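One structure, as structure tokens, below. Some questions next.
Order of writing sets the labels: A, B, C and D. Residues in every chain begin at 1.
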């Protein structure tokens, strides 16, 4: 990445965030509908706080835009200081959205001005790259979080009133087979990667095969119709508890209206599309579905080996593809390769690769401390920016998580 | 009340509500900081829904402004239909505040237009009077709720940046004494009253005396300094549990900043005024304080007898007095009579008077169903409109409630 | 009461307790099935601790049986010291029941030996009387608590395998009418009473009438059959919440087995007796039932006035009546007067009478600190000893309480 | 295993269980001190139920000892039927311990009688072997559960009043090193193993080394003294939450008495032995300790490779070693090999080995459904029977678990 491109990438990531929030009112941006969700305005401020704290505050003479923001918009960096309680982010009506947008503008100007100095740009490029990737992660959360927020409103408001892509799921190709053997896993090369993708290391894999296509809503409904949610034998013990405690009867956002199955989407309430990839299922549901089919979920290593043979195309269903075409952001098709459309639950727990060490200091809190009882997802979704994803990218969530665009690819 | 005056009173109550919310942003109006609190916007809509549902929807040809509002803005009227869960009112960002203000305008116009017909006015006057009183109750909640909302923000924002009244607490006059005997309790006469103030009935009272003045912050601090919050012998058993579970160390909104006792007010963080009436204490604290002083709280009957001898003046600290003078809404003085400044906890439980029967239908859900484990408060506060209060008025809250402007008058 | 009689009463109360626990195994005596319930063994030890702490420990030279018991078996006397957490009483398997019975024997011997000295007897008679009454209250709890314990066991074990009284509910006599006027309320005379029955004072009552009979299971089932548990209009708001949260569909211990309504009793599972008084209903249910019938609950003052005209007979259904006859302890008949069979919920909150002051010191924690959000019951039940009850006796429980033998008498 | 030996092993396992419960009273055997703990009597009955349900009930003519036991003593086998709620096992006082011991005797007799038929023995040997292993797992739980039960009693009762082994921790030998390469993992050979130890498969390991000794209490206390429990940088994010929510300040059962660090053991309260292996630490604490030392926990694969080189001796600290010597069951020494003394947390999540498939039917519920968010422990503890353990044995618990005898071996 050249020094010019870091400036361009910064501008581009920051303005894409603002494009995503454009359809929302100041009030929409304030709501926190559950602990996992943050208000849109918090994402707007927190991503800005990241650049201010880790880059600008290091510069002599820089004065914080507002010293109270360090407490309000720090997420979980204990090294930086105390944090406002996560579950109460929706209670903070001031600063208002206008002031937060002014904060963004201020930090952008201060950073862009300093980036004109090539010495500064060279020194801070790595941190700014992390900040851009971080911004892109929050772009995804802005979409998944606002979808949850709007779904709590019984008037089913739309994030944006746009048409849904009418593409049909492609036909099922032959499965991708992997031979028994030693494989290299993890990131290599010069592009950006997070620390959890390293060190690159060898893993011994037994022979396996992965489906070429994602599981569809229609296929998943067969599981429901077969009594899948009432039969404990398909479920992990914790999954069965989750089904009963939460009274799950199908994927999140599915509901029955006048005997028709509807799905809440970012374009409002739509009839269920049986050919589209199933999404908003938990790891428990993905695992139970696979067991019912007599299959299993791939490990993240199998997934990575298979994905590295299927390079990204130009028509992959990532968020920028939808935004460029003025289409509703909603998974309607399987990707042509392994990436895009919905995150794919794997059978792997989120653990450090052999030899993994978190960086020192606050940035070291980014990944390592979350390596416990989370499950790896791969591939990106309709809410992920295409420049953010790669075959070695590891996403992770607890097993009961459903508000992300998460789906299923089978293996055996 | 003449028919003209019902129109004037309606206009005046509705516009006073809007005056109270003028200092708030759309975002301020959305926050629900705890279950007891409702968002300002919900109050704006719910009071409007009351007039629409109970008056306009009865009129042939009237079409609801938005049929979904009946679900969104019904509070607790089971007779009318199901209700959106109370604790989630802060999740509803749409309709936005602008649309809610349009809803108010629409209902006002429709009602005022119909009030020009004297037959309509005569028929609906009683219900519209209830609606006005209901609006005034929500005016009070708008203020107490937004105070709680803003107090959750560590930047201590002000509801309105206005000066605090500098009046000093009046000197302590002789106590008001009541002789043993039979007294009439409850509302008589032609003015408006709620059904819980009736039937008027006789109560036998032993001799007693009530303080002429409210307990001050300075007096209450003596209780704290004497270890009041650490000594179970002053507390009801449930009160002692509340102290320990909630880690109470003083009234709500008191805090220590750099060794100075500060108080969060609608005008932001202020030093504690030792001469002002103490407020934001629970029934438990009022009761413990009284026991520590070797006194007790008056019963609501004693209070009413004493109050009926001390008529309301023109300088009583009610909300309109503060608004008219551009002063911060905050209790700084005892009233000259028994009413105003802070609600006064009594020793009485909230029960129906002998022979009390709730009205039939939805309006009957107004009072009667809440007559359980609540404690009567009397006298109104700085958040109450002067036209809303009278000596027979009964307010009621659970014993642990602190977010209302609630204080203490002693008896023995 | 003569000095002889205090010794006799002490012996008699202590041995009656042991008679009540005779049918239980050591394991039965250990279980705590919910926070409100204490293990039988805890009752055995705590009543003993009461005599030891308040009488014996005051005597020079007396050494505590085991110093650790003061922490283990103090209930709620903060003045005496810290207490083992109430909800964990079922976790303490040691001292075992044998050791606790030895503790009882030791304290009994020590006390009886000292009671031979008439000076001691004269001085401590008042405290020992309180201790006997306290023992009798725990006798009642032993029965209500073990009933709850055994009801958690899906094998429906019997406390004791005895026949159920076959008496039929007496015919309904004319109601008892009370004229409007001033009445004396509270205890007078020389017999024992608790401090909450004093001071005797005057209350002005409107005219009223009380049913001569308790509400029966058959009458109560009409309320259920009429959809009483599905219609919010009959319920207090808190009651309606309790119905829904706890999924109440009828009185506690009623259940449907093979389409027959059964009732769990101290003699195991029995078919519901439609003529017997309904019991194990909460205040909420009593209040809703009365409203559905177009009646109301009596105030405790009305109840006391009516009861003072109906003296106790020899055939009242109190616990000693059942024990003497080897009958299962279970309400099958209305009392001939106002007392016995089931506690009767009144419309009154539990508050101190005018001028009430708790005693100084630990004994002062007996009543006063519980005067908040509890509801008065009158009359005693099949679990109460006949020597323990009188018309002025005030029992009290929170409105949702159902595990006591609590029933309904209507008024209007 | 010969047919004779299955009979011997059955007898021996069953009688060892009864030897373990001999020091306990019927009351001790009833207590359930938290959800994770089961009453001793439940273990006695459930292990018996296992043999009855899976073996005897399959035999023509066999009648269940008591048909209600199937509901009471089924743990989690949905295939078999509904289960009494786990958290309420301590509420069931009947059947009493005597009756449960009679149940054991009955089932033992019935099974032993049938085992005399060699055809029966041959057919059911595999299931009976599972039952014996299952019995041994519950032997361990009997000890860990009663330890927790007794620890809730502020009188610190002893499980058994026996001397504590005075052995000193052996000197630290050279670490065990593992070369990079492919290794076979999982069970082979003819002895018993659980299904989760199969299939045997190859794993590629980087070079590593494991400590020859367990971490001691003294070493662990250095971590505490260095502020380990107050510094988030050593902890996983979930671990840091656990520390704060549970207010952990050291291992379970450590407490400060008069400035001395004491440890609650099965022999009562003892001074902390600095040379003994640390135990009753969670995965979170093991992980944080390792990070503070600049080391890490071994993976279960590294552990297994190292352990397979260090065969079990005759002096390993397993439960039978302590029982045979009349010593208190308490870890005082590191094992000479890798197994014994305390379970060792590994860095591995509990997942199925490649190709793992649970068996069909109820026995298939034994392992597979628990493979989610649990962490593997290896090596057995002072509560494990020596005949139960082997290097491929996988134990597993959630990361916050502390009531097992769980400790730490470091790797790098």
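To be clear about the criterion, a residue touches a chain if its C-beta (ideal position, glycine included) is under 8 Å from a C-beta of that chain, and two chains touch if they have at least 3 such contacts.
Since this is a predicted model, take the numbers as computed values, not measurements.
With steps allowed only between chains in touch, the distance from chain A over to chain C comes to 2.
Under the touch definition stated at the top, chain B and chain C share no contacting partner at all.
Compared with chain A, the chain whose C-alpha mean position is the greatest distance off is C.
Between the Cα centres of chain A and chain B there is a gap of 46 Å.
Separation between the centroids of chain A and chain D, computed from CA atoms only, is 39 Å. One simple way to say how far apart two chains are is to compare their mean CA positions; for chain B and chain D this gives 59 Å.
A ring topology is adopted by the chain contact network, closed into one cycle in which each chain touches exactly two others. Those residues of chain B whose C-beta lies close enough to touch chain C in the complex are 76, 78-79, 182, 201-204, 206, 232-233, 235-240, 284, 347, 349, 351, 354-355, 369-373, 399. By the touch criterion stated above, chain D contacts chain C in their complex at residues 25-31, 33, 68, 71-72, 84, 88, 90-97, 149-150, 152-155, 157.
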